[in-house]
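There's a structure below that I have some questions on.
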Amino acid sequence: MPIAVKENQEQAVLLELKGVKKYFPITGGILKRKQGDVKAVEDVSLKLYKGESLGIVGESGCGKSTLGRTILGLEELTSGKIIFSGTEIQHLKRKEKLKFVKEMQMIFQDPFASLNPRQRIGHALEEVFTMHTNMSAKEKREMVIKLLQEVGLKEEHFDRYPHEFSGGQRQRIGIARAIALNPSFVICDEAVSALDVSVQAQVLKLLKVLQEKYQLSYLFISHDLGVVRYFCDRVLVMYLGNTVELGTVHDLFNKPLHPYTQALLSAIPRPTVHSKHKRIQLQGDIPNPADPPNGCSFHTRCPIAADMCKTEKPVWEEYEPKHFAACHFAGQSIL
Amino acid sequence: MIAMIVRRFFQLIFLLFGISFLVFSSMHIAPGDPATMIGGPTASESDLEAIRNNLGLNDPFLVQYGRYISDVVKGDLGYSYQTRQPISEAIAIRFPNTLKLAIASIIIAVIIGIITGLISALKQNSWLDVTSTTFALAGISIPNFWLGAVLILLFSVNLQWLPVGGMSSPFYTVEGLKELILPAITLGTGSAAMIARMTRSSMLEVVKADYVRTARAKGVKERNVIWIHTLKNAMIPVITVIGLNFGVLLGGTIITEKVFAINGVGRLMIDAIAARDFPMVQGSVLLVATLFVLVNLIVDIVYTYIDPRIKFQ
Amino acid sequence: GEKGASSDPEKSDNGNNGKSNEELTLTYASVTDAVGLSPILMNDSASANITDHVYEKLFERNPNTMEYEPVLAESYENPDENTWVIKLREGIKFHDGTPFNAEAVKYTFDKLRDPATAAPRASLLEPVDTITVKDEYTVEIKTKYPYGVFLASLAHTNAAIVSPTADQKQDLMNSPVGTGPFQFVSWVPGDQIVLKSNPEYWGGEPELKKVVFKVVPEVSTAISMLQAGEVQFLDNLPTEQMKRIESLKNVEVQKVDGTPVYYFTVNHAKKENQDPEFKKALASAIDRDAFVSKLNGLGFRSDSVVGPKVFGYQDSADKAGTPYDVENAKELVKKNGYDKRPLKLLTANRGNFQLMAEIVQSQLTEAGFNVSIESMEWAAFLDSARAGEYDLSFLSWSNITGDGSELFYPNFHGDNVGSSNRAQYSNAEFDKLVDSSRTTVDQNERQKFLNQANELMLKNDDVVVMYHGVVTVALNNDYTGLVLDPNGKWDLSKVTRK
Amino acid sequence: MEPTVSIAELGIKKPKKKERNFIVITKRLIKNKLAVIGLIIIAIQICMAIFSPLLTGHDPIKQNLANSELPIFSEDHWLGTDNYGRDVWSRIVYGSRISLVVGITAVSLGLIGGIILGLLGGYYKKLDGIIMRIVDLLFSFPGILLAMLIIAILGTSLVNVAIAISIWSIPSCARIVRGSVLSIKEKEYIMAMKSLGASDFRIMVKHILPNAFAPIIVFATMRMATAILSTAALSYLGLGAQPPTPEWGAMIAQGQGFMWSSPHLTIVPGIAIMLTVFAFNVVGDGLRDALDPNMDIQ
Amino acid sequence: MGETLLEVKNIVTEFRTADGQLSAVRDVSFSLQKGETLCIVGESGCGKSITSLSIIGLLPSNGKITSGEILYEGKAIHQLPAQKMRQIRGNKISMIFQEPMTALNPVLTIGYQIREPLMIHQKLSKREAIDKGIELLKQVGIPYPEKRMNQYPHELSGGMRQRVMIAIALSCNPGLLIADEPTTALDVTIQAQILDIINRLKDEFHMGVLMITHDMGVVAEVADRVMVMYAGKKVEEGKVEEIFDKPKHPYTIGLLNSVPNVDDPDFELEPIPGSLPSLDEQISGCRFHLRCKFAKDICRIQEPPEFKLSDSHQVFCWLEGDN
């Protein structure tokens, strides 16, 4: 059991987030003054252990990608701390950060969109070494070919352009680029969502193989719970910029504490014709993140919302060992 | 929207400052002496000196500029060195002609341009497309003075259908319209070509859009698919081109105005430059810049009507 | 002499036949608009064409006899060399009703002289010391020194007499008031100026009731308008279009040998240009005959700087220049190594200057010179030439008063280097002759001085005269009676329908 | 946990012939008949410019006043002569040198300026406002005055005409580039480069610029045409090539006076310019189509 | 059930491209009863959308049905003149497209877009069309429908837009609804809402629904019958239970094994190796044999014929020939 194996490594914290917030200002008016914020990520704290896969799920627009990008420093942090291997990295200058860039990488949602369409993929991969090492052209080429083989491509692909590959192959290139510098931490931002089921299965397998081999830690962003369940060790559920639940895959899928998690799980269409689930119908649409509701951000759609939910923000609590949630009625079933 | 207009207005003021300084200094750097242009080639040194003193041209550059700007701020654009006429008056006489011409030619350009653009887009790669592309490109490549002279020869001198030049009757009379036709065509062909090409490429993009297929799936008539579902969307980049062209046309177009003896702003400016009539150059450039910004503003407002997604805070 | 183009007996359809019952109107197309309509403040030919019809001068040169004849003056006498007593014509009124008298003359001239006015041609009256009103119709003008060109100055367009009341009341620049045969009606700047006949004109009301001066900046458009009958009259016909104009059926072209002179000059301020052999080589290299043949009859040959229609001319000067002899030129070039020196030929890019420059550049190259052309628009050209930033150039002078001193003094006198003397010519002997021609009142004496000055220049090859202008107009066949002056001006007051 | 299938055999398409990008584009371009015609015209012109002396039997600046204004198809002068008796064909042939050189220089200089401004403005939000105001300023500043200023400072040489024209191109080029940059910089591969620690300069030059190429190429070919026409317009205003250098724009300007007596003096260079403009435009059109990723689907 | 609504017989759809004629749909036949939901599944690019576009006659301009026929209520519709076809589209057959974000015209109001088919096909007056439009929006669960009528698509969320598309598609009570991946771009909670609406309306109006998807979960949720396509060909067809419980074609099996099971943590993925051949690739025999673990010699040589396993279950695979 993978979970058992990883129990031992739990002590080794690779990445820690403390109160991470990311707001996007909304500007307007004659002088383009700030008028408000899109609260894309609102107060996220968590630990990521070495060698584990942490899944992040939640509705579209809830801030998953923003969180990922913020960790990598692609978005400026509004407040909070990001501690990587014991170093606070949020305030580092670009030069100082380069060291961590090698350690933290990202695989993007759309493999085609994340490759420069006018660059041969061999060159795209070589560029990574050009930026971070002093390798000779020959060494670089050798490294790239090794990388290509690592992700199941061949030397002959070196000179091709991204459009000459299939979706699955392109995502392999994205993976190759991400692991090129031997990172210890990789963010997969919907890395398989754009792929077709059969290709998706191929790529998931590859990611697992690489994790075994290099002791990678993944932050695995997805809205496909099936994939998350298959791939991750622990899962974080987000709603409207807030973390609503965090637990091991097993706990979360079997004993969801938060009503939103429950709704999400029940809404997944099951690829089986027999065990028809009772689905929880959520009413309404996701509120505007620029103007989140008071109290619990989920109360507008929550079937068990009480008055207190409208006014009081629930606290993030550990209800069971390693199982956190933010809900006034955590654990109450909404069926 | 109001806020945008106000903001643009502030930007315009800065722009005008910049422009006026640039124009002022370039007029001073460029060779040619306003006094000689007033006194004539044989004016004696004492004549020239008297003229220079009279115009304040002997003051240091910054003093002259400061004086000019403070007058402008008070709403006084100054007087022509040459004719001693108030600049605002001189421009007021010319501008209506330029405006008429610009409007007439942009109308012609829009009609011709959109129709040819539509035809070539809808019949992409057919002979119709090739023909209209060729026509559009011919339109863009023929120098205006050449086209103008040939049109005059054909329609005014040989056929005697239209007057050779001038613009004296009000535009709503038959004479007024006749006077407008040839210059508007001459001037409009270039813009028509640009608009045609823009319409073509924009249409080609839009007809591929999913919502056009949706319209067809609803059983909408082909005519309505084009005119209601496609064209409005395709117009957005075209409007930019129309706006840019119209802005340029409003600044006056020297060659067409010259060929058709139209008393317009373009000629005023070019004559003023040739005569080193600094205040007149300044005045007309400021007018052109203002119009340019104004047209851009109008274009932006038109955008919001065409595309509801575009909003201005 | 006057050369009339063969007129077509057939009447054109394009003419004004339909309008024969209406008032006689003539439309003239001008390339540029008038700058302003006050003779005191303007100094351009487009304005002069109008002011000449609205205002009148004390004297005028008769185009045929080339004598100065009184106009607003009746007579004059010189009690001494420095005093001019002028008797004025009586009973004349300005268009605004103000009577014309000695006060008006004094007012006009004082205003012209006043430095505060900053009149462009204040120098016309520069020698004047005092102006005194003797009686209602007599003025006495005293000059600082004997001034031989005084009558010519008084005959200058800029010396026309303005209505003092009008000048105080309004801006003559845009609403002129004079005594002339036509009076001002309207002006749309940049577009057109309209005049109507003056019914109370002392010389009798002109038959032409209305004149429209229309601005048509493009000559070929103006010709098309002439052809289409939209305008009836053009002047200053361009060389390249002569064939076209002459082929028009409804138009008659008039040509008159004129006063303008176009010449080639070196930059005299440069020492190396004063080398006589250099100048000789240049003069021998330029084939003026070949050039004039390209003018389509719009120029005629004479080596003389003072042209045949200008006071001071003597026909002996016609052939006094160095003749064209390319072999001689080549020899001189080779001998002195002129081919090694790059020469900058500065030219304005308007009128026939470009033509001259291209042909002469080719001819000089033929002779072995190393010449490159630099062409400029007018204002920049005037500036560069005045500053002497050239080796070779073409200059011209269209002599309004038709007096040789008026040619030599501004263009070649050492006083004017740095302003109007763009040839940078400075020669003490020449200056003395010109000064004498100006300060002598005896016209015969003046003639001699001018001729000597002329020959001096030609002998030294200081300038090479390219051609003398032929002034032209094209008039619709339905009209007649236009008087064309060799200085390029024309008079519409006698124009009638054929 | 060993993978059941060997990774190497997963998802590999049959290897395709390796094709260089420009070969693909050229192939597509060649399928476009109009573009091919355009390419041929440009090729002919380049040959004309390079091999001018071989193509003409006459000196383009040699005058022969006795043989002036010969009509088209005259003996020894198949395109006639101008009013100085110079052979029109040789002037057209030699003139192509200037027109092409001026066109190319002007467009390249304009592109450099426009690209720099456009890249900076599009990439850095903070610079955008200032740069766009500069662009507005350049837009409204009268071209003639600009040309005069340049020529006043630098002289009336052809290079300076090219500079003047290139400055005219800067604002529109900057707008176009900025527009593309704005959309390209939001692309995921830019984000990917940032996540790999690439510098802004590298991102702008290596990743944004090549992808903004399609509109730039179209703009450049369009502008090439405009540039040659602008030399004509400048010559018309007296600021072009210095005589007797043959140049198409100046030829038209000079021939204008002879439109009635010798129409070929305007029509011949007019057609030359038209053909060039036409050629560059259709090639530009073709290039745009060839670079269009939508063509990929087929 | 029982009444045949749509019959597709042996259609072949080809594209004219720079590389020559390419077949995107190769000899596909199927039928659909009234009140029934047929799901077409298969990998991306296997020809699902092109099949559906062939039916509604909206193929891209370079595409053409080169053989076969399509019968709607027994009448051939694949060769109807444009005019006649227009009367069917949006009226008898309507379609929901893949991308809710782009399928609505951004510059026209929701009201206009929903009124349009009503006014064209049902000849309603503008007033009546507005009322009907509001009614429809209410049916698909859009709050404040009156207000929405005057809004533009960008003012609505993705889920609402897709619901508007459904309202438009259902406006004229079509006999056949084609839904091309109607929920792919949406999130699970919204997806669930939309699938419910389609199911409800299908029952209410007794429509036939042709649903295209590659999400096996969705299939299990809504389908009565399933058709599996691979590289332009139909490889298997059957009742939904038959496909999920007794999949026969190795491709179908592979597809099912590629979907992670949310409810089974120990489920091991078994991806299908290789990738979909491109359209211009010449493959002899079964088009799947290159990726098939069980491929035999005959698979490489000869195309498999149809094998009937039951009345409703057919498969195109030589392996079945053995049994």
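Just so it is clear, A, B, C, D and E label the chains in written order, and each chain counts residues from 1 on its own.
The working rule: contacts are C-beta pairs under 8 Å (C-beta built on N, C-alpha and C of every residue); 3 or more make two chains touch, one makes a residue touch a chain.
Owing to the predicted nature of the structure, the values given are computational and were not obtained by experimental measurement.
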item: Shared chain contacts [chain D and chain E, defined touch]; value: A, B
item: Farthest-lying chain, centroid of Cα atoms versus that of chain E; value: C
item: Between chain B and chain A, distance of the C-alpha-averaged centres to the nearest whole Å; value: 53
item: Rounded Å distance, chain C centre to chain D centre (Cα mean); value: 47
item: Chain centre separation in whole Å, for chain D relative to chain B (CA means); value: 24
item: Distance between chain centroids, defined by C-alpha means - chain A, chain C (Å); value: 88
item: Per-residue overlap in chain B, given as positions that touch at least 2 other chains; value: 30-31, 145, 149
item: Contacts with 2+ other chains: residues of chain E; value: 270-271, 273, 275
item: Touching two or more other chains - residue numbers and ranges from chain C; value: 220, 376-377, 380
item: Contacting residues of chain D [partner chain C, same complex]; value: 61-63, 65, 68, 83-84, 148, 152, 155-156, 237-239, 242-244, 254, 256-261
item: Contacting residues of chain C [partner chain D, same complex]; value: 219-220, 238-241, 243-244, 290, 293-294, 349-350, 354, 357-359, 361-362, 372-377, 380
item: Interface residues, chain D side, partner chain B - complex; value: 34, 133, 136-137, 139-142, 144-146, 148-149, 152-153, 225, 229, 232-233, 236-237, 252, 256, 259, 266, 270, 273-274, 276-278, 281-282, 285, 288, 294
item: Residue ranges of chain B touching chain D (in the complex, touch as defined); value: 11, 14-15, 18-19, 22-23, 26-27, 29-31, 130, 133-134, 137-138, 140-143, 145-146, 149, 197, 201, 208, 247, 251, 254-255, 269-270, 273, 281, 285, 288-289, 292-293
item: Touching residues on chain B, where the partner in the complex is chain C; value: 30-33, 36-48, 50-51, 53-55, 82-85, 90, 93-94, 145, 149, 152-153, 156-157, 160, 163-166, 168, 257-261, 263, 267-268, 271, 274-276
